[in-house]
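Chain IDs A, B and C follow the sequence of writing; residue 1 opens each chain.
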C-alpha cells in the first residue's frame, strides 16, 4: 500500500527552518498505513529536510554554523550562470535533503526529541516536499 | 511484511563509534524478509548512524575531523537552555542519522567494506536506534 | 514487489561526478513498479550518491568546497595502513552515500531540477552502486 502527498512552502525569509512533524503525521494517518515507512524529501535542490531538536537556540546555531561551513557571497562558478545561490546548494547538502521515518502501530516511530524540519535556503517562492508512505 | 526492533546503547565514553552490522543482520534474519530494505535510524538527536570503514585509524580521523568542523566548547546559543551538547547535534548532522540497507536473497546486500556504525556524540546514558525491516 | 540491479563505474579520473538519473529511471521502468521507492546506494565507502543540480559550475564548486572541508594530503591515521584515501571517506560522508527516490504513476517523482549523481572520490577502478526498487 502506498500513499503520496505534497507539502508546499513559500517562506517569508530567504533562509528559514519550518517544523513539519505534525503535517507528516497527518499524511501518515490519512494514508491508512499502520506498519511501514514514510519518505519526506525536498523536491528543490536548495532546500533540505532533516530531523533534530525543536529549540530556537539550536536552530540559530545551525544557521550560524552552516554560514561558516558554506558561506554565501563567495565567487562561486555557479554564479556565472546568473544564479546567486550556490551556498544554498552546499548548505542543503550538509543538512540532508530527505529523511525516512518508521511507522509503527499507526504512529510515526520517533524518539522523544525527534522533530522533522523543512530547511529553506533560497526561499520567498513556492517550493515543494514529497511525502511518500509505503507499508501495510 | 514488516518487522520492528530496537538496539539500545549506553556507551562508556561520551563519544564512541560502535559497529552494529551483525546486530542489524541478526534482526533482518529474525524478520524473515528475504527481499526488501531495512532502515536503521538513531532515535536521539545527538547520535548518528553511518556506513563506512571498520578501521581504527579512520575512526580516529573521523573524530578529529568532526571536532574541527563542529567544535565543542563554543558559546552556542543552545547552551543557554542549560545544555552543553550543541556540537553533538552538529556532528551527528555531518555523519547522518540513518541509513537504509538493501536486503537481497535473505542477506544485507553490502559492498565488501561496508560496515554499519552507531555514532554516539553525547553518551554515557541509555539511547536507542530503531531497526525497521520492510519487504517480502 | 522488489527488483534489484547494479550500476558499475570505472571513472577515468580519481574524482568524478557522474549523472545517473536516466540509468535509475531505466531500472525502475524495467522493474514494473509503478508506486513505491527506489534506493540508490554506493557499495564502496569512498564514493557517494547525491541529488543536486546538473550544472558544471556548481559541480566544480562542490569539488573545491569538499577539498576545503576534507583536504587530501593530510597526515591521516588511516594512511598508516598504507592507504592514501582518507579524504575520500570524509568527502563521501558530506555528500551522502545513498538516496531514496519516490516512484509515482510509474515515474521517478522528482522536482524540476533534481538529478541523481554518482560521486567518485577514489576512482580509476571498478566500483558498484546497488539500485533496489520496492513497491507495487
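One rule holds in what follows: contacts are C-beta pairs under 8 Å (C-beta built on N, C-alpha and C of every residue); 3 or more make two chains touch, one makes a residue touch a chain.
Note that the coordinates shown come from a computational prediction; the quantities given were computed from them, not determined experimentally.
Chemist: Specify, for the interface formed by the sequence copies chain A and chain C, whether it is same or different in terms of residue numbers shared by both sides, with half as the dividing line.
Modeler: Both copies, chain A as well as chain C, present different residues to each other, with under half of the numbers appearing on both sides.
Chemist: Can you give the rotation angle that fits chain B onto its twin chain C by Cα atoms, in degrees and rounded to the nearest 5?
Modeler: That rotation is 120 degrees, given to the nearest 5.
Chemist: Averaged over CA atoms, how far is the centre of chain A from the centre of chain C? Could you give it in whole Å?
Modeler: Chain centroid spacing, chain A to chain C, equals 20 Å.
Chemist: Residues of chain B touching 2+ other chains?
Modeler: If we look for residues of chain B contacting two or more partner chains, we find 69, 94, 96, 100, 134.
Chemist: Any idea which chain B residues touch chain A in the complex?
Modeler: Residues of chain B touching chain A: 1-2, 4, 39, 41-45, 69-70, 76-81, 86, 89-90, 93-94, 96-98, 100, 128, 130, 132, 134.
Chemist: So in the complex, which bits of chain A are touching chain B?
Modeler: 35-37, 50-53, 55-58, 60-62, 65, 69, 94-96, 99-102, 104, 109-114, 134-136
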